[in-house]
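Input: a single structure, listed below in structure tokens.
Each chain gets a letter, A, B, C, D, E and F, in the order it is written, and its residues are counted from 1.
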Amino acid sequence: MASAAPLPGYVYEHFLVTAPAPFVAHVEINRPRRLNAFARAVWLEFGRVFRQLSDDAEVRAVVLSGAGDRAFSAGLDVQAASQEGPLSGRLSGQGDVSVDPARTAKELRAHIEEFQDCISEMEKCEKPVICVLHGVSIGLAMDIACCADIRMCASNTRFAVKEVDIGLAADIGTLARLPKIVGSTSWVKDVCLSARDFSAQEALAVGLVSQVHEDKARTLAAALAMGKTLAEKSPVAVQGTKELLNYGRDHGTQESLRYTKVWNSVAVQARDVPSALMSPLRKKKPTFEKL
Amino acid sequence: MASAAPLPGYVYEHFLVTAPAPFVAHVEINRPRRLNAFARAVWLEFGRVFRQLSDDAEVRAVVLSGAGDRAFSAGLDVQAASQEGPLSGRLSGQGDVSVDPARTAKELRAHIEEFQDCISEMEKCEKPVICVLHGVSIGLAMDIACCADIRMCASNTRFAVKEVDIGLAADIGTLARLPKIVGSTSWVKDVCLSARDFSAQEALAVGLVSQVHEDKARTLAAALAMGKTLAEKSPVAVQGTKELLNYGRDHGTQESLRYTKVWNSVAVQARDVPSALMSPLRKKKPTFEKL
Amino acid sequence: MASAAPLPGYVYEHFLVTAPAPFVAHVEINRPRRLNAFARAVWLEFGRVFRQLSDDAEVRAVVLSGAGDRAFSAGLDVQAASQEGPLSGRLSGQGDVSVDPARTAKELRAHIEEFQDCISEMEKCEKPVICVLHGVSIGLAMDIACCADIRMCASNTRFAVKEVDIGLAADIGTLARLPKIVGSTSWVKDVCLSARDFSAQEALAVGLVSQVHEDKARTLAAALAMGKTLAEKSPVAVQGTKELLNYGRDHGTQESLRYTKVWNSVAVQARDVPSALMSPLRKKKPTFEKL
Amino acid sequence: MASAAPLPGYVYEHFLVTAPAPFVAHVEINRPRRLNAFARAVWLEFGRVFRQLSDDAEVRAVVLSGAGDRAFSAGLDVQAASQEGPLSGRLSGQGDVSVDPARTAKELRAHIEEFQDCISEMEKCEKPVICVLHGVSIGLAMDIACCADIRMCASNTRFAVKEVDIGLAADIGTLARLPKIVGSTSWVKDVCLSARDFSAQEALAVGLVSQVHEDKARTLAAALAMGKTLAEKSPVAVQGTKELLNYGRDHGTQESLRYTKVWNSVAVQARDVPSALMSPLRKKKPTFEKL
Amino acid sequence: MASAAPLPGYVYEHFLVTAPAPFVAHVEINRPRRLNAFARAVWLEFGRVFRQLSDDAEVRAVVLSGAGDRAFSAGLDVQAASQEGPLSGRLSGQGDVSVDPARTAKELRAHIEEFQDCISEMEKCEKPVICVLHGVSIGLAMDIACCADIRMCASNTRFAVKEVDIGLAADIGTLARLPKIVGSTSWVKDVCLSARDFSAQEALAVGLVSQVHEDKARTLAAALAMGKTLAEKSPVAVQGTKELLNYGRDHGTQESLRYTKVWNSVAVQARDVPSALMSPLRKKKPTFEKL
Amino acid sequence: MASAAPLPGYVYEHFLVTAPAPFVAHVEINRPRRLNAFARAVWLEFGRVFRQLSDDAEVRAVVLSGAGDRAFSAGLDVQAASQEGPLSGRLSGQGDVSVDPARTAKELRAHIEEFQDCISEMEKCEKPVICVLHGVSIGLAMDIACCADIRMCASNTRFAVKEVDIGLAADIGTLARLPKIVGSTSWVKDVCLSARDFSAQEALAVGLVSQVHEDKARTLAAALAMGKTLAEKSPVAVQGTKELLNYGRDHGTQESLRYTKVWNSVAVQARDVPSALMSPLRKKKPTFEKL
């Protein structure tokens, strides 16, 4: 995919953002030698990338993947975490006894909130995000994947909700989102409590991903094709659908219907409706104004 | 199914309501030449049908299907929509620039609310509703199916959450309900964002339907058999179960247990409990009083 | 499994509690001649067992099974219910006309609440609970299984949400929890409304259980092995994961992230994090302090 | 107030609807000889009146009062209730032992829901409603007053949440709304549990009403003056403010801000904003288009 | 009040429970020499007292006061707290560095939950509770008072939400309940953040209490008179009103109306309704059956 | 107050931030010639000021006031708004017909969200904020004041929820927060629907403010004195109290108690508790570590 042109205005250190098709952005996590693991600088950039994509009228669909053959992401960059931020002393086992636990907790809350907020930017991004997983996809990789709209993976993907194995409950979103995006709670608890690996086939069977392809290249190609399809549709319709499905997941039916009504009371005033309806008569694909 | 007697008191223009078995009502959407598409007059009637069924002590289970071979329903009757209601001007692409967007929004809110309320009557109907899908089942057909309790389909069913293709986010309930009635959110977003067709087998695999049969006739026969089974059980038990499952979907566990407790504090005072318990001893099927 | 030592301090009439491995408790419902059915004395004990397990620092994982070959549990002990508690008169069909329905309702609310609270203790138990189902597993057996974290079953399991067949809507938790722990609402309503039997394979296909084994012995062996695995991990991490997954099921995403942040602001101050992180370097399994 | 012209299109048996000023509707409960008590026919009409007002672009503010000198309303027409509807047998103390309590409960739920829905129409009416209380204002009068936006009363008003004295918990809305519209819960419980009378001065002190006037005529004059003021303002602004305040009462802050944002994303596209802003420069009152 | 007979079956060490009138219970916190401060044994008993009252059909209204002239309650018994429970080491400033903060947190959560649950029993008690405050009424006294239905106080009451002054945020309920039982949030935050004393008059002005009397004796007399009034009314009506008002405080309007409807569908089947309605005709006070 | 030293590190164009006492920050809106009205640059800075204060361990209490004698703030700077942002065209009445209403709505949503987020930073600031109002305090001034913890005002304050008079429903927070921070909903709706002025005395009577002083200087002095008092207390206790009261306002009681328990399970591990408890014995004011 290296041949796609860079998307103008997206200059990042840890992410490569290209434009493989009109209105489609492809974001690559670009730390292949570190298995695309995340240090603090990486997640701060991650948040900025998705805020920019959310606001960019030239983008209507986003594909996220990891650079290199080995990993979508190995999750938290534990080496970096042991040297920066509030976990640094703790990970070496030394701690700082001069600070009491309540004060340490305040620092940790601020740290977790910043981290959560950066990753949540992908969920808040108003454009649909298709996540392409392959190889090592553990820990934070799951938190990130849970924020995507559609998940696809290569058959060699090695998934794990790995945090229990480093003495932690996952706190960047997996435990908040997974029970609502996969049907079988028995399975969700199995993998979250045991931190065991699970395969692409297992992920497909439980509905975590909706497509499995032979290898990374084919998965990415399928994702870009889907991204292209979504980008050709009315952005008012697509973005509204993402918003209302996310709202529906978190609210009761009556609440969702009420919000839907208010949302669509202006969305259906878009010119996209007549454009879309007329296009079969005109025998050409509809085009839609910027959004 | 034409041989079943009409259910007394149900005289509608667009729906045929018959009584294929004691306490079972069969509702057919009866616009086969328009592929059972819905104009405003149709959804207003739809609401009235289900309100009447909800109140009718002679009805304990409902089966909904579409007349004709080609479609359960093709969804919104776009031709009618382009000539009536607040969408009329808009669909032709002309709009009414003399009215400002806020005033148009008020009109649209009223329109959407009326439409939502009519379709939601099927969910609110206190009797269980089994929806039989076949052939074309797109757009509004999905909003309707999501309000049913149990969904079955023929192997030829062509499903689609079609609204994105006419420039809209679906607003009559699919986006509010689908995330809670199917386990895989990745799949839900795939079909809702792309508006692509999906098959009976795919619907079964993700749990949208719980049975697929060879053709419409066999599906309908299975649905009527299930309706008959449900109608022979205690209506207090069956209707309470529907109410509590719908409540459970929309509320946290503690809230649901509290509501359940209050609900059953009177429901178990029904004579149905001793009737049901004694029937094995008496070696005959229990009968239950009207409800 | 009879060879495992009794867990000290757990003396119960209807339950056998043993310690098959370090930090693992095995709870057996021990009324095999009554098919492990529950009378009031049984559910009161059930609540006490799980409260004790929740507080016991020597326990980090729990396996629940039913004694004997024939049943995990046949549910409510209807014979006992007809002789004790507020249902007694009612089940015989006589009722007590000297008490008005509102007063009876108060008595029933108290009865249902006590019953719900006892069964919910298993869900509230801070340690993960693996439920092993086999043979007859109907009615209350489902309410109980829904409170477990992970469900496994033998291939001969006969499941049913049986309450409708005794004239009742299930009120001890199945209807509140099942819509959130299984993906397909169409299937959930099918089995709850019809009270029909369903098999181990069907339970696996819809995600109610996450493993099916050939017979009870193999299922129990698998559950104990999983219990052993969980018990070797950081109890701070495992118990936090259970808490946050249960919270996530019942709350919207933003609420869950907020609660997660506050929870982990102290949990990550445990010594478990450095212990877990250092163990690969030290090439030995980490050990964790009591919790 | 008899001199105000009837509002065209409002022909009701129990309500008199007039137009005392442009865009102001005055609704009088018109059963003075029965102290404006409500039988079923009255509350069914009440719901219809407010639905019509909600949809009527000629109405921008509503004043509700009771005809005659003695009562705003004496609440439920107990005599009628003893002869109609599901309470009829019960009120005479005879009951119908041939129907079991669960079946009676279903009938009662339907009855209460219909009653609640009719009264709630005033709260749902999109135009602000000012309620003028005087004389006897007990029982259902309180349920109704709680649905108004602004409450004013004459100094002779005799308030009471009277239901406890007829053996009932109020179920048409007082207990749901009063804890949120008056600040002192200790006072709310005092008057609701004891069913005691309270005065206009007490209602003012606790904030139930925001104005007390010497007599009914002066209160009504003040209400009509306020109605006239509200009716001269932008209807988009006024009706949006009502909607958002009601939403704010029932939702957390983040939820409310989100809904507000979506609501105003179209409301501020009204022409009312430039009209209102320019009017001081043009030195004349702004006028606003129909809504 | 010493002359009232003890209420049979209420034998407690720290509480004196008497029956000053039919169906009225008077609970006195009986540690006057310790200013009615609460050690763990006291709050465990407090919970038991109110559970017993809630279930006791001979009790229809409860008055709570503190023994002695000086204090309703001085709150937490800090001396006892420094010697028992998880706070013991901490209060002396020593702490236990051998236990990590996460493990200490688990112990504290269990401690706080037990403490909260005991105090919340008063709110959950199905009978209305009138709280009589006088003299010192600080810290835990406020948590307790917030659980009552109606608050009255003597003019010498010295209130304070005192916890900030011992380095704590109040955690037994004041901060959860006070924002919903008093109208002015500015005032609530003033007293909670500053821990300052406030007077009976200030408590009345903001609506925390609904009556102030000259001294403790007169306040208690007024409370007992109100208790007597409530106890003469239909217990179905009074207890339902308490339940529905508490529900209304914590839920949105639509939710409350739905719960109300289900609750009253059986409550109005009580014989209390005809008894209450007929009593004016029979010219004698209605009597009501046990509940 | 000009004599207080600038607080180091707070360099802003529109705000003056000083340190009148240890751990107290005084923020002045510093556009007196524009009556402290807010243009976009001002609210962006406002958000940054309060984020910085929230994170600053040298700050434990904040006082907010407006520079100059005439106004706390005149609200939105309408002149600036007519030249910048999405309202610019609209305010001049011209609009941009080349953009459809749905696309304009997206721009407006982004604009409102940014604006809301900036103002909400004051509510999210972990330190208590005391708001000093005087003179003109209308429109956005109310949105801001509603985010403060404690409100005080000078006797000459002229309050108004002014938005209706410019054709808008207030959307920066007043309508979301006011119903929960003032007891009388009748009064809230009166002032929000009518946009009328109200006085300091009226604000005190309804509980919007908790103190009124003779003039701005005296109000500010009282606020700074209160700020000093709060700053001398345990910051763990004070900040926890703010957090839990805000949580309590937006959640039901059970939810709040649960969150409180988790919060305090680490907060009470602060050294502040023994420091605070020992200080009376040591006869000196406790000091608390940085937070």
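FYI, a contact is a pair of C-beta atoms (placed from the backbone, for glycine too) under 8 Å apart; a residue touches a chain by one contact, two chains touch by 3 or more.
Worth saying up front: this structure is predicted, and the values here are computed from it rather than measured.
Novice: Taking shared residue numbers divided by all residue numbers at the interface, is the value for chain D and chain F over half (same) or under half (different)?
Specialist: Chain D vs chain F: different; shared/all numbers falls short of half.
Novice: On C-alpha atoms only, rotate chain B onto chain F and read off the angle in steps of 5 degrees.
Specialist: The two chains, chain B and chain F, differ by a rotation of 180 degrees.
Novice: How many Å are there between the centre of chain D and the centre of chain E, using C-alpha atoms for each centre?
Specialist: Using C-alpha averages as centres, the distance is 34 Å.
Novice: Between chain C and chain F, what is the gap in Å from one C-alpha centre to the other?
Specialist: 48
Novice: At least two other chains touched by the same residue of chain C: list those residues.
Specialist: 101, 104-106, 180, 182-184, 206-207, 236, 249, 251, 254, 262-263, 265-272
Novice: Spell out the residues on chain D that touch chain E in their complex, using ranges where they run on.
Specialist: 78, 82, 87, 90-93, 95, 101, 104-106, 108-109, 112-113, 116, 120, 123, 163-171, 173, 175-180, 182-190, 192-195, 206-207, 249-251
Novice: Write out the stretch or stretches of chain C touching chain A in their complex.
Specialist: Residues of chain C touching chain A: 128, 148-151, 180-184, 206-210, 226, 229-230, 233-234, 236-238, 240-245, 247-249, 251-254, 256-257, 260-278, 286, 288.
Novice: How about chain F: which of its residues touch chain A in the complex?
Specialist: Touch list, chain F to chain A: 55, 99-103, 105-106, 110, 236, 266-272, 289-291.
Novice: Quick check on the complex: what are the chain B residues that touch chain E?
Specialist: Those in contact with chain E are residues 259, 262-263, 265-266, 269.
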